[in-house]
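After this come two complexes, each holding chain A, first together with chain B and then together with chain C.
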Partner chain A sequence: MSNSGELSQRQQAWVLIKDHWDVSALLVLAIAPLGVPALGGALGGQFTTLFIYSILALGLNVMVGYTGLVHLGIAAFFGIGAYVTGILTVPMYPFQIGFLGAAIASIVVAAGIGLALGAPTLRLRGDYLAIVTLGFGEVVKVTLRNLEQITGGMKGLNPVPPPGAGVKLGGLDVGLSFAIDPRWFYYLSLGILAIVVIAMRRLENSRLGRAWMAVREDELAATAMGISATRVKLSAFAMSSAIAGLAGSLYAASLSTTADPNAYDFNRSIMVLCAVILGGLGSIPGTLLGVGILVGFDTVLAPWADSWIQQLDINPTGSSMLSFSGWRLAIFGVALVLVMRLRPEGLVPSRRVAAELHREEEHAAITKGF
Partner chain B sequence: MPALPPHLAMISLEFFLQQCLIGVTNGALIALVAMGYSMVYGIIGLINFAHGDLIMLGACLALSLVGASGLVDAGPTATWWGVVLLLLACGLFCGTLNMAVDRFIYKPLRNASKLAPLVSAIGVSFIFMNVGLFWLGPADRSFPELVPPTNLFSGDTLQFTYQDLLVVVVVVLLMVALSVLVRSTRLGRAMRAVSQDPTAAALVGVDVDRVIAATFFIGGALGGAASVIYSLYIKTIGFQMGFQNGLYAFTAAVLGGIGSIPGAVVGGLVIGLVRSLASAYVGERWTGAIVFAILIVILVFRPEGLLGRRTREKV
Partner chain C sequence: MPLLEVCDLEAGYGPIRAVQGVSLDVIEGEIVAIIGANGAGKTTLLLAISGVVATRKGTVRFMGQSITGMPSHEIVRLGIGHAPEGRRIFPRLSVRENLELGAFCRTDRGAIVRDIEEICSLFPVLGQRMSQMGGTLSGGEQQMLALGRAMLSRPKLLLLDEPSLGLAPIVVSKIFEVIAGFTARGIAVVLVEQNARAALKLASRGWVLETGRVSLFANAETLASDPRVRDAYLGDA
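Moving on to the complex of A and B:
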């Protein structure tokens, strides 16, 4: 970090604590499978999903958090990654190049499509851009569903072979290990998540990362300082798409199918966006926490609360009003409204975003006073 | 004229005209929803994500009212009056609800960053959907056929029923009423002033908050009318109907030039025609992709829309 000398001691201590928080979380997650046997079962798969969504959300955070562009179609790029991986690996096609090559191809294709969509549309106003991404998400979903000869329609593409299929490592069949023991995917996705987190942290303080934030804070001022706003936005779009493509590739491999196209619809996009906004725009720990809360809600809290309500035996007719998961949409809706009202910078805010948001409020208060 | 074999029926003139008629009727409905988007966007620059779901709630109310009033078994005259009353009730309900949402959710965010109201609108849309889920249940519900599907044309070649007529008549009446309101009343003048420059409007004595509230009410009331027409015409409603319909209508509003009322009408008709012709000639399952591809192309090449001007008169 070039500017660490300018930070005060307290800030340095805070940075240090934050670093340790991340490292200790990583250590706990890395050791956990040794002490928690459940991670070798279904729980391990749930954690893998959590890590994959975390990667996806960190990708979205580049565009929404750092650069301040609303993106409502991130699931489309997630789906593109999954389907590219599917096409390049399933036995139905002659390619069968294996996971590593397919993952790289997914990243490249997703980034390329992101560039192709972004190049003509990024000069649009923010809210129009949001609608373009939304429309693109629908186009991708409909296309995946309808091009049955290529994508398998609603059946999806399967089986996507596990990473390292057919590779023997010291008498151990790697692909088979991935297939039978969830802990292999647990470690693979945790490792990739760690790499993405490190890359994001480096990016935040890089020339490009600072340019993203400069464009978010004041596009005109950034342009006046010699930043090409279009290019900077385009790079953010490509980066978001690339990371989403990587997450999609991992998703398809971990499920051993591309799932059906409805897995990549608007709802998925909006849930990931909720995670980023809830946790804190432009904040890596915030984004991770946001994903944790949302995935935790769906996979842990909702089933637990539902079974608890069922035990109370107050819902003999099975009405959705008396089940916890029936309130899911309303709970998310209220959470979004409340966060925007009370804490627009999110639960674990990035210092810069918080300062920016509150400066705007102060500014508004001043102008209103006149 | 001898009947064409089935594989050539698609290229007959009658078939084409029939698709156009369906497109115009659909388009009129889309235009009615699009006007609600356009008005709100014109005045505070908010893409009201919850508008489609507001209409879904209007349809819920319409279904409940029809069920409670026993309108299905009433005679034809009573049915027509019943439809008028439904339009009024749902218009009032959706207008009030829209105004309340603005008062309690969007109004406190007027000075916040632009993202805040947009995200809040997504949140409101979720809440509405959940209410609709409780109201209707998870499955789609069929809406009783109040208006007879009697053909107005003689013969079988072209179909234009009372239901189609109802859509067109109601939409044209509401559109004329809205144009008069915006062009020639005090409130309309205030709305145009606020949409051009809220600060300047406030300086000359316009009560900006009240004008915005009125805009939300009118936009919501149009949505309420649209919900009744939709229920009577499409005859199937469900808690997830808002998203898709809202998206088509928003596309229409943008296509015509968001903020402009004639633009919303033109955009609605174009989208309606594209939808029906694409369904007939390309295949229903591609319709959504084609409509949104058009949206993207329009936004790229003519972001101000067909009728919009860069320095346009909004609302």
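Moving on to the complex of A and C:
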């Protein structure tokens, strides 16, 4: 008896963690830097990248997951955010308005460009919209590269000063702390991610969120309910772009450079899209898990495994066949194929998608008397 | 003054003129039937009235106000509800969410909750399945959901497109019973139906559409006994 009681206690604890995965994860991540000294080094920066991509993916999820619009160019808005922040903060320009102002400007500009792209193209559906967003992504990348006088071409814009540069807080130079200790960025991006997650939750159950889903499910019926499909789709476009802009702004600040335009190319868009699909379209925990797996593999696990291989000294020629990073695209591909085959609704599906895709199985189970 | 006044309406898709000069009117609280074969333009006529398909010629007036060319989401707000053909419920939203979306253009929260309760007493099966996904309902249940959802915008006029399509006879009679009850609620109905006999029984007047034009218009009883209608749509020997 005592054994089963213990088991149920353990189960209870598990259920508690599952129901409050968000708070649990936030707590673990918030405490981690105290117990894991590596987070004060390169690993902290890698986790910062992970959080920033999570924000980006949650933004993409608004369009692809909630509203059902295919978007293959989210990286363009990520880049727009990064470059707006760059232009507004680097010493070569007279603005130098600091991170907070630049982040807000990045959000506004990205949303504005999203609206400008969305307005003429939202009549397109499915494949056609995918082509337009893909094309736009390439246009932005090439523009950033060729507008050398403004964007610095392949060199990018740098140095992007850290948040709070020049601000003294009780004898502590905030900007300097950000520059020296990766944990500052770790906490800043974790905090912004938490805010975005809360905002997304509220949106899911808001009038606007419902309207997004209604348009995804059936545009004609949504219109018959008094929903303006055009306005609703535009708002999704703007919201996705705005969040991507915010992520880009944070990205540039954390790297202290906008990096070169190739950082915002098609590969980046696809990686984020894959993360959303892998985790589960329209599902917040799914999206976060998808980013954790795909981007986590790319930015945390692969470099770590590579350095480990290097230490073993089994790859003296430096062949990419023997490095983890060399195989990353193959591993992405296999992971996606497996998920699509075995769990098409994603790893942590939103309950809606699961209901849709497994209806036949459920039905079969019911008729079998299961 | 009629509630809805359609005058010489033309609408279509690309080169196709699906509706070619149709006129009709609906009085407050009245049920009218529109019957006709497949491709006669019935669905397009309803879509043009509710603003989903653009009007090419002619006018639509609702409660004395011209709604020609008005965007569809504003027309819903004026009081024209539309239950489109094929039910078109939101499959991956719950029954409750479907109903709530029906009240999308309303802001009176308390009244919406009461109205949803009322719909559930009208269709008890919906009340039992509030948290179930719309797509998991049977065809008849989905049609009930579509009707309930359309009612939640508190329309003065409901456009119903083939509400009996593909349903079992027992469900059909339940659906028609509910439609007959709309008159008591002061809701006027434009009923498009393949099931001409049942539609004409409910309606006070009827229009017969043929290739986008009105070929016949009369009181429902007169239509039901008209030999041309009997031959073509009622299937009487």
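Methods note: the second predicted complex is superposed on the first by the 303 of 370 C-alpha atoms of A that agree within 3 Å, B and C clash if a C-alpha of one lies under 4 Å from a C-alpha of the other, contacts with A are read in each partner's own complex, and residues count from 1 in each chain.
Please note the rule applied: a residue touches a chain if its C-beta (ideal position, glycine included) is under 8 Å from a C-beta of that chain, and two chains touch if they have at least 3 such contacts.
Quantities reported herein were computed from a predicted structural model and do not represent experimental measurements.
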{"item": "Touched partner set for A:Ile227, first chain B, second chain C, both or neither", "value": "second"}
{"item": "First, second, both or neither for A:Arg201, with chain B first and chain C second", "value": "neither"}
{"item": "Contacts of A:Arg343 with chain B and chain C, given as first, second, both or neither", "value": "neither"}
{"item": "Touching partner for A:Thr121 - first (chain B), second (chain C), both, neither", "value": "first"}
{"item": "Partner, of chain C and chain B, that touches more residues belonging to chain A", "value": "B"}
{"item": "Partner chain in contact with A:Glu217 - chain B first, chain C second, else both or neither", "value": "second"}
{"item": "Chain B and chain C footprints on chain A, overlapping residues", "value": "none"}
{"item": "Complex contacts: residues of chain C adjacent to chain A", "value": "50, 52, 71-73, 76-77, 81-84, 88-93, 97, 100-102, 104-105, 133, 135-136, 149-150, 153"}
{"item": "Complex contacts: residues of chain A adjacent to chain C", "value": "207, 210-211, 213-214, 217-218, 220-228, 352-353, 355-356, 359"}
{"item": "Residues of chain A that touch chain B when the two form their complex", "value": "68, 70, 117, 120-121, 124-128, 130-132, 134-136, 138-139, 142-143, 145-146, 266, 270, 277, 320-321, 326-330, 332-337, 339-341, 344, 357, 360-361, 364-365, 368"}
{"item": "Residues of chain B touching chain A in the complex", "value": "45, 47, 105, 108-109, 111-120, 122-131, 133-134, 137-138, 243, 247, 250-251, 254, 285-286, 288-289, 292-293, 295-296, 299-300, 303"}
